[in-house]
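Structures follow.
Each of the next two complexes has chain A plus one more chain, namely chain B in the first and chain C in the second.
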Partner chain A sequence: MSLVEDPKGYWTDLTVAEKGVTAGVVLFAGALLVSLLTGGLTPTYFLYLVGIAGMYALLSLGLNSQWGFSGLINFSVAAFFGIGAYGTALASASGSPIAGGLPPVVGLLAALALAAILALFIGIPTLRLRADYLAIASIGLAEVVRLIVLNQDDWTNGSAGVRGIPSFFDGWPVLGTFPETMPTLVFGSGPGATVLSTSFWQALSNVALVLAFVGVSYLVLRRAHRSPWGRVLRTIRSDEDLARALGKNTYSFKMQSFVLGSLIMALAGVFYAHLNLYVSPGDLDPITTFYVWVAVILGGSGSNRGALFGGVVIVAIQEGTRALPLDAAPIRLLAIGVIIVLLMRFRPQGVLPPQRELIWPGTVDETPQQPDSGVRETKAGEK
Partner chain B sequence: MVLDQLASGLVYSSIIVLGSIGLSLVYSIANFANFAHGDTMTIGAYTSLVTFGAIGGLGGTVLGLPFGFFVALVAGIAMAALVAVVTEKVVYDGMDLDSIGLLIASIGLAFIYRSVVQLGFGAQSTRYGIQSLRPIEALVPYGIRVTQHDVAIVVSAAALVTGLHVLLQYSDLGRKMRAMADNPDLARVSGIRTDRIKLWTWVIGAGLAGAGGAFLGLYSQLTPRMGFNLLLLIFAAVILGGIGSVYGAMLGGFLIGMINQLTPLLSDIGIPIGIEYANAIAFVIMVVVLLFRPSGIAGEAS
Partner chain C sequence: MSEQTTDTETAATMSKDDVVLSVDGLVKTFGALVATDHATFEVERGTITGLIGPNGAGKSTLFNLISGFYETDEGSVSVNGTDVTGQEPYEIADHGLIRTFQTPRKLEGMTVREAMLVGPRNQPGESFLKLFTAPGEVGEAESKNMADVDRILEEFEIDHLATQPATKISGGQMKLVELARAMLSEPEILLLDEPAAGVNPTLRNKLAEQIRRLNEQGTTMLLIEHDMEFVMELADPVIVLDQGSVLMEGRPDEVQSDDRVIDAYLG
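Coming up: the complex of A and B.
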């Protein structure tokens, strides 16, 4: 049942939570549009927020493919995010202490390679552990990674961070010079005029980049989740002994899902480095891990669209608290804490738990009432 | 040099032991990894700060610490225990979750505790209004630089741990707690009111954490992140000692504290690992223990 053919039927088909979220998203988008039009939010900053939301959505998709698909409690999200950001920064930045000056695409590949190595390095010892031990071990190893990044000055510049990261499209045929070649547009006049200058076009190209990352990851994960491979992961999540009894090498499947998720997290890090143009060890702070966890359990563990939704909510919390007159950091922390506790108390499955997205499309509506052959029209004994 | 590091290791160990006992008790009786335990320590520390600020020194001193500090310490213990009991009643009690769900909920609680402290006191560090002391003169010739405050921390921690030992071994409550840690269902059918024992576990565990937090504030300084920063070291101690074993937690806490403070010796004997990796060493030990002996050094091998 698609939205275009039958909007009314589509709406009545949704669960209460889905209706609520849809209404909330529409209201939120409306509020953003109003503040954009009234000048409360500049277009450039709005695009920056879209970029950050995309980044959190990527991180959530990555964690979802570990926790949501196969039930791995990975508390080292920040380490993979950081290794992605540092990987591309060290390869492409002018201020890099080891390589530097390479094209950002090389940085992307370097970051993904580093993340895959780190995933194996963390995964090989820890994925055999019991669920709660995995949580503790992974956060411990993430701290080890952070301490190495902080203290190995000769590789990472230490606490000074890495400066001089180019934008991702730097050196590309058309996109590389796109922000500079676009004209400066002015809407309205006087001090309230909206000016779309180079920084706006720069932000626009960043948003295009993150949308591409999110889109590709989303499609890959959706396909993977429905595939036989995804079914094995879901079996592992609900009963690992059962999966093993069915002859599946659960350790290998868990490792594949761990590496896949880690690569997506590193992708978020790559985007962040080219958005912020500066990375520092502070980006590996464990708080990032918990933000992403909130996004995933808020959206609904195992649900990819839930992960997207959770990512947007995190950015709304982060930026919404900025407007308050109080110190934003503790308020943000309080909001995150309260959300976690309320969710676990009242709705541990999340706001948008997986519904139809686990079912191959077409199998519901088009299933015949009875098989084509092998079924008699009348039962034995009936006339 | 070595003697000095052993001495400061002993002081740091005392604080970690106080934290790890509570974490281990809760792990075995409530059956989840409590990530809010570190922030319970922070609550104890800040309650002591407020109480000490309100009542002052109250005249005399013991080991360089005013009487008022000990009153503040008791207040910190009481507040940490109270917060834990209220949390158990309000939050955990109504949850129908497995140990992973409780673990995630405890992270939320950790953030709530920390943010409340930060809202009240700001993110910057602060200290008790107690004059810091010079090292004890008599020990300086041996290269040991410890203050009377450090001695007070070790003595108080030893007293608390001894008290816990007596409680666990010789009191009715202690026997019931051990029974419940061993097998909760069997304890319940034997007529033990497990809910009540669980509450007492929270009181004892959080109380010791509160004391550890108050001493941590005396040892270094108070920041809203102090407990969270120590939490992973405490986990390392609990896992090294063996989850669920109180005596294992004591031993693990002692070892982790010692290793942490003895890290400078590595460079002395030619291993190029500086003190900036002191915590990393503890985390690696933790992972290695989880891999090869998940029952810890004091637990029974399974």
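Coming up: the complex of A and C.
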């Protein structure tokens, strides 16, 4: 049912959770709008937040592709994120100790290539084994990558980090000079006036970049997961032996899924490097992995919409707690801890568990006849 | 396994092309336990061959060896004259040997129709690249498979389950779905691991009916079953396994009256 053709029918067709999330998103957007208009939130900072939310959404989509769809436990999200960030930074930054000065697009490709190599490196020995081995190896991998970045001074500048990263559109026709050529706009007057200057346009182009990354990743994953390819992965997740007995090369399927997810995580890292213009070993801290896992579980494992939602919630908590008149770091961790406990108690399947989006068109009639944790609930009045 | 043995094996089975599965001198040990001890037998095309034996006789181990889930210590397995010893389960499935499981696990988040759609082998849509480079081909294959699924579900008289979540159907229905799905893989030989275990009498009869129907349509089957009655009414010949090796092979009535078999079961 289309939102445009029949908005009322679309609304009644949503599940309770979907309605709740929609309402929450509308309220949240409203609150943001109000703080934008009242000057509580500057437009540039707002766009920065959208960028960070997009980055977390990418990381969550990547992990969802591995864990949510294929049951692969990857505790090295931060490593793939870091590889993406360092890959592009080392290729394009003026402060890079090895290459440097290359166009950011080359950096992007280098980052993706590095991430794919790293994924194969960890996948080849572990994906033939039980799921736990990948989990254990990935914990080690994350530390190995972090320590290499920290200690290989002549490759990565070590703890000093890499400075002088250009913005992603640097050197592009039109887009490259877009922030500088746009005029400075002033709304209102006096000290409360909103000024949209170069940094605003810069932030705007960053948001465009992350939205493009998220959009492409989402569409690719959606296509892949609803296809026979994704169906095999979901079979592997439930019962790998069954998939093998039906003639599926499960090792190859798991490897493809693992590499795909890792590439999307690296994409988040690439965006981060060109947003922050500086990367350091601190960006590879395991806490990122933890946040992303929370985002995926919160959204609902196996649901791409859920991953997007989870990513945004994590950023809302991280950045929202900054406004509190308290030391925010413990509050942030506390809030996330409380969310996990409540979630496991009351909604272990996540807020937006996989429903229609999983199902290849035509494999179900409009609605399944029985509710199921993984399938949308039957509406009143239907059989 | 030496090259020479493989060649003679192939030659031997080629000359009798009515043999679909040939198991030769299979050995599997777990530590000191000899689970399979030089098991040798053949399954002829078009038969339902029963495989029975007391608990611990090594039936399931043998199944896992044949389908590639366990590595063999000695001996060989050939499907349609091709030596498949040491191959991965998915490679063996590609030679047309499809197996079912004693306790099928239910596929989460899938409808029965979707769970069935995993069955067909070598679907173009299972290639990640083709999803984006050849969407037309993927879509066509999917429509064809969907039609096949609906046809087979109807033949099995379980088309009313098509849109049910696969986690919500009963164990007996799941066994029917599994059998139906196996047929979508177009097996040369179907290995059924205790299809009647834990199934209520009505569904059990339905299963037996379907197995017989598929066999009449030309599907060769190897059937492990605890339920004697079920085996005896369906299978011919019956192979009796005891302590990992073949005790005897014969018609159901021969097997039932054989002293060695009675000893093995009672002793």
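Keep in mind that, in the parts below, the second predicted complex is superposed on the first by the 357 of 383 C-alpha atoms of A that agree within 3 Å, B and C clash if a C-alpha of one lies under 4 Å from a C-alpha of the other, contacts with A are read in each partner's own complex, and residues count from 1 in each chain.
Basically, a residue touches a chain if its C-beta (ideal position, glycine included) is under 8 Å from a C-beta of that chain, and two chains touch if they have at least 3 such contacts.
Worth saying up front: this structure is predicted, and the values here are computed from it rather than measured.
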Could you say whether A:Arg231 touches chain B, chain C, both of them, or neither, answering first, second, both or neither? second
Taking the superposition on A as described, I'd like to know which of chain B and chain C A:Gly337 touches: first, second, both or neither. first
On the A-aligned overlay, A:Gly300 touches which partner chain: chain B = first, chain C = second, or both, or neither? neither
Could you say whether A:Arg223 touches chain B, chain C, both of them, or neither, answering first, second, both or neither? second
Look at A:Gly68 in the shared chain and tell me whether it touches chain B only, chain C only, both, or neither; answer first, second, both or neither. neither
Determine, under the contact definition given at the top, whether A:Thr250 touches first (chain B), second (chain C), both, or neither. second
By the touch definition at the top of the document, which applies to A:Leu242: first (chain B), second (chain C), both, or neither? second
Between chain B (first) and chain C (second), which, if any, makes contact with A:Gly311: first, second, both or neither? neither
Just which bits of chain A does chain B share with chain C as contact spots? none
Within the complex, chain B is touched by chain A residues 73, 125-126, 128-133, 135-137, 139-141, 143-144, 147-148, 150-151, 290, 293, 297, 326-327, 329-334, 336-341, 344-345, 348
Quick one: in the complex, what on chain A touches chain C? 220, 223-224, 227-229, 231-232, 234-235, 237-239, 241-250, 253, 256, 260, 302, 354, 358-360, 362-365, 368-370, 372, 374-375
Could you please specify the touching residues of chain C with respect to chain A in the complex? 67, 69, 88-90, 93-94, 98-101, 104-111, 113-115, 117-119, 121-128, 131-132, 138, 141-142, 146, 163-165, 167-168, 181-182, 185
Complex contact set, residues of chain B against chain A: 32-33, 91, 94-95, 97, 99-105, 107-116, 118-119, 122-123, 224, 232, 235-236, 239, 274, 276-277, 279-280, 283-284, 286-287, 290-291, 294
